[in-house]
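Below, each structure is written out as structure tokens.
In what follows, chain A forms one complex with chain B and a second complex with chain C.
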Partner chain A sequence: MNLAKWRRYGISYLFLIPSFLFIATFLYYPVLLAFFHSFTKWNLVTSEWVGLDNFKKFFNEGTFATGAKNQLIYTLTDVVKAIVFPLIGAELVYLVGGNKIKYLFRTGFILPMLLPGVVSILLWQNIYDPTNGLLNQLLHAMGFTSTHAWLGEEKTAIWSIVMMGLPFISGLPFLIFYAAIGNMNQEQLEAARIDGANGWNVFTKMHLPFLMPQFKIVIILTILGSLQDYVKIMILTGGGPGVATTNPAMIMYNAAFGSSQYGYGSAIGVALFLVILVLTIFNLKFLKTDY
Partner chain B sequence: MQNKKVIAILTTAVLSTTLLAACGSNNNDPNTNTPANTANDQPANTNNSTDAPANDGGNKADDTPKENKTITFSTITNYYTAGLEIAAEDYHKLHPETTVKIDIVSDNTTYQTSFQAKMAAGGDDAPDIVHANLLGDTPNNNIAKGFILKLNDFIEQPNPYNNGTSLKDGIVADYWKNATDSANEVYMLPFDLVGTGFFYNKDIFSKAGITEAPTTWEALFDALQKIKDAGTIPLAMSQATGSDYEGWMVGAFLDWSSRSLIPDTWLQPGDARDTPEADKINSTLKYSPDDPFFDVGAVGDVERQLALWKSGKYDATGPAEQKTWTTLKKLSTYLQPGYATMKDADAYQLFISGKAAAYWNGSWQVGQILKDQKSLGDKAFQWGTFKFPDFATPDPNFPGHPRGILVPGHQLSVTAKKDQETVARSKDFLQFLYSPAEAQKVFSATIDAGQFVQGPSLVKGVTLPDEINAYLDGFKVAGNMAPISLLTGGNPAAEPNATAEGKSLELQYYNDKISLDEYLKKRAALAKKTNEQYIADNKYDLDPKTNP
Partner chain C sequence: MTGSLTKWTGGVLLTILLILTLVPFVLLIFFSFKTQLEVLIDFWGMPDKLHFENYSAAWKAVRSSIGNSLYVCVITVAGAVLIGSLSGYVFARHKFPLKSPLYMLLIGVMMIPSLLTVVPLYAIITNLHMTHSFWGLILPYISGTQLLGIMLCRTLFESLPEELFEAARIDGGSEFYLYSRIALPLCVPILVTIGIVTFLAVYSDYLWPFIVLDQSQQTFTMAAVGLNKSGRSDIGLSFAAYIIGSVPTVLVILFGMKYYIEGMVSGAVKS
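This part shows the complex of A and B:
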């Protein structure tokens, strides 16, 4: 960098450096360390080089197939939940008349973002409680006699986790879609209507193509979150009954913090990172947009 | 100008003097300037044998003020924390130069990880007094790594807070065997005894026509059926991953049916890892079906356990296992809905709210139940405890009586710190804590706070109320179990998620998706997979005479 540039941007760099140092120390360094430890048998005290053994062990693990299948269910449903329902919500709020009503609905959909995630999970745990839960009580009131342990039965446990958060209008995707719809060129929309386009035509031919960049970012963020998420599984079922609801992140947690096999846990983390990387590249490459 | 210079010089001189005084102020700290009696570890009041060390505190001529120090006692949430805080305050009154910090850790995993990591980093930040059973490694290894101290000499020393009675004589003698490792080194001080058992709601039992606590599995099933017929959840027990309380039952059954094989797993003369100390211990022990304490202190060997598994001497699909799992499957039909993922806290809620008639847990829960009963007011109920039952008809596959967990619960060790003064003060605090009067205070304060009185005290001279003793009696099983779990359950350490996989098979059997035969075969196959992985990982050849 020459002196002129340094004079122009020096202050900016100076302000950026502390943040970058923090990120490098607390994010990049541990990640690099995890890469190294994924090739070792490491229990925090001793470390022994084992090559690719940890990766082989992960793919041969008895729970791997179940975990991978479950992850597929979680990720696909998470993507659907993050796209379809917030989009419907955003379209509906956009369509309702009156700014006050719009504001009211908008606030209503965004407010749950303020609730800590764990509180929401615990709330759903109570809803699913077989003895005192709202869901069973509701079904009994409707005349159904059977009592289900929603989170304790193999058939229902994973779908109970998937259905958590109904009606799935999560704040961030809703805001992204709503803001994008609000920024659309109103003249073009008006022209389309004059030309005879009905609501469905406008939605499919104009809104959806326009929202492609938003879909891309929401899909990437959702896949990322879904692959990393084990908290709700741990709180609701602990991966059970048996291994019915486990996923790779949960397997990683059990390896690292349940059995102090940190090298093995790191290897699972690295494998997850690679999967996320591939999916993100795939998403960026094949979900093409003009932006 | 001249005046200004003089003022500046004077000001600088005053400031410098002040700074120098501040630098040296440690030596003048009123807290450090300890009275002579404190420096000698001897308070003025010598009439009370507990409050004051009985000896003269060593060198009376040593009037050097002691440096202020904080020693850290690391414990787990609710484990005597209220009582320990009182003991820490009492100790500080006696020794103002020493502050005992009761550091409360939320869970066992954090406790283990934190201790191992801090010690690996040099140990300066590690706590000074720790729970030996929560350190994440065997006592032998922790001593070998220099993480905790051998206490052999320490327990023989006169305890100044107990009229000179040593810790060895001040603690119930039966449980010192539990406090030694395989090299016959004392690594911890036992404080209390813990056990597992059933809690039951006497009101619900009596409404169902059951007046006596069940002592056999047959009587238990009869009682649970009557309660189920009356529309109440018969038994609350968690089987969630990481909170699987059925594991203690599985262990008790396996211990019962394979107890005669336990000596095969002990180190024997000529073994590569045998030591004179281990020989000395093991040579005095012998299996007897009538002596449930026959194996206390025995020095075992994992390779011998694996060799025993490989020998097939114990049939993992045989009659004993069939009876175990038939019994446990029947028990599962009386459990609360959702037991497979319900955490223990929720299972306990069912019991304390009167929705479940019985609850399986351990003696450490007694304090919590007493507290909750008080807050229930009019809704409080009569309750009692009973042991893991026998079979009504003696079965040759299950000789003697069942054992369960019956070991010292609060096992305190001293961290091997570089600073010898810290170590000395930690030991002194332990002597204070194990004096009858202070230990009594700890128990009483813990009961009052509704925390875990884990079981009967092992400190001689401590008495608990009759009511508490009656509850704790239900946990005094025949002896402490030592199930050779890799005979049937394999070695989860080889594959972290194998436990969940095993649980999945078990639930398939309980839900009639697979037969008993299929279940036992699949379980044995899983055990084989993890055992062989473990053998390969550790390069065992299954010949104890050679060292891998």
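This part shows the complex of A and C:
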């Protein structure tokens, strides 16, 4: 009896071996390595204990201040881009009405999502190109004589990255808001309108409160995403010119894969992870969004 | 009266926003048919004819990289779907000690950002001699992407009636038989969802292949970025290459639009 029971358990555990082998080797073990080597000088083969030196170096280096300031810019603008524009888009699609037109607009807005993300980034890199870029050609055609290397000049580079993806509607937030607005109680909205509420009142008093859970999800996901987003920076500017567009994640990448300081890179990764962890716990405890 | 005016203004605004959204898209197609000379001499002008030779040149430039990407995608999808559904099945239909701590251990993986693991993972892959090998991509990809499969399959398998399995058990079916012949066929739509989300995440990844692979075995995203760096000389060719390389994602999305949105909304995929 007991033996048969344990045989059954054995089969369960056997079936779980592949999953756990994978996550142990390629997820949990790297986490342990990251924490351990954040206190070492590491060249992937040998490592030397240096205590908190990596962390001290990270926070004391001049690039950290720039990186943190840039991160603030990226995160704040990312949140605005993820809330305001997709919401305007979704509301307008409903305002314009007519099922066929709605479908047409919705499809149009999500069309760019068909392309792999890297291709969209490369297209914007072309738009900003100093010689053959659309932006300079457009300015030229409108009679402006001064042209810019948008991604290559210290003053314009970070804002060029921020403006990438204009008008910021295409994406998951648009779909989330669109679906949520469609799920609102139409009779209630109609009743409010009959009682004399104008469109603006319906929007601020009924739509916005109703969409609060969606806002919370989108904001927290956007903040977490923006802290971890460096692929776009890497492709567009590599963090430059100088360190003008870098962020902490980009500093981590450059430390590890640019100058082979793997211990230092691990330390930055750990520091960023702790920030992400605090935000996640805060979200689970206080905002209680479900994603 | 005011209502129709608002509607009209809204419509105009919406149309402007849509045009702005589609500008990069239109550029992509427009310039893919122009020669470099036409771009330099007359930026805004229509091409004198549709230069399909851009496409044949681009195809030569990126076909092997697309092949590499597809190879990695297909193996990762197969692995993630099989392993994920197997564990999903166990957690849905079996009772055993430590079940819920083990499940938490699996789901806890979602708290690990790739940012934290990218450096040590590179060390592990290096020590396993898997740099310059597609397995250096595939194995880590499967580890993260199986999660979605475990969660979705667990939910679905739990909803199946026990009689289904009881009957097969009485007939002497082994556990593996129950999983592969009864549970799996009933959840094909979910498996397709998982496959699509996994495929798109893996196909679009740039960072990890760039770190692990050699230029000679580059994936499509690596080739695309490479074209833009060296290829300022030929926009037409680069753009044609982007279009060709986007065909797999477009096909996969069109094929599974409904599944895809469902999967995206129900949980972000890890890679």
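Simple rule for what comes next: the second predicted complex is superposed on the first by the 252 of 291 C-alpha atoms of A that agree within 3 Å, B and C clash if a C-alpha of one lies under 4 Å from a C-alpha of the other, contacts with A are read in each partner's own complex, and residues count from 1 in each chain.
Going forward, contacts are C-beta pairs under 8 Å (C-beta built on N, C-alpha and C of every residue); 3 or more make two chains touch, one makes a residue touch a chain.
A quick note: this is a predicted structure, and the numbers were derived from the prediction, not measured.
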First (chain B), second (chain C), both or neither touched by A:Leu87: neither
Per-residue touch tally on chain A - higher for chain B or for chain C: C
Partner chain in contact with A:Leu122 - chain B first, chain C second, else both or neither: second
Touched partner set for A:Leu44, first chain B, second chain C, both or neither: both
Chain B versus chain C as contact partner of A:Ser260, first or second or both or neither: first
First (chain B), second (chain C), both or neither touched by A:Gly199: second
Partner chain in contact with A:Val162 - chain B first, chain C second, else both or neither: neither
Touching partner for A:Gly62 - first (chain B), second (chain C), both, neither: first
First, second, both or neither for A:Val231, with chain B first and chain C second: second
Chain C-contacting residues of chain A that also contact chain B: 44, 129, 131, 257
Touch list for chain A against partner chain B, complex: 43-45, 57, 61-63, 129-131, 147-154, 157, 236-244, 246, 251, 254-255, 257-261, 264
Complex contact set, residues of chain C against chain A: 3, 6-7, 10-11, 13-14, 17-18, 20-25, 27-28, 39-40, 43-44, 83-84, 86-87, 89-90, 94, 96-97, 102, 105-106, 109, 111-124, 126-127, 139-140, 142-144, 146, 150, 175, 179, 200, 203-204, 206-207, 211, 220-221, 224-225, 228, 232, 235, 238-239, 242, 245-246, 249-250, 253-254, 261, 264-265, 267-268
In the complex with chain A, residue positions of chain B that touch it: 109, 112-113, 116-117, 120, 136, 145, 233, 240-243, 336-343, 346, 350, 355, 492-493, 495-498, 500-501, 503-508, 511, 526, 529
Parts of chain A lying in touch with chain C, wherever the complex brings them together: 8-9, 11-13, 15-16, 18-20, 22-23, 25-31, 33-34, 37, 42, 44, 88-89, 92-93, 95-97, 105, 108-109, 111-120, 122-127, 129, 131-132, 134, 137, 141, 166-167, 169-170, 172, 175-176, 179, 199, 221, 224, 227-228, 231, 234-235, 249, 252-253, 256-257, 262, 265-266, 269-270, 272-273, 276-277, 280, 291
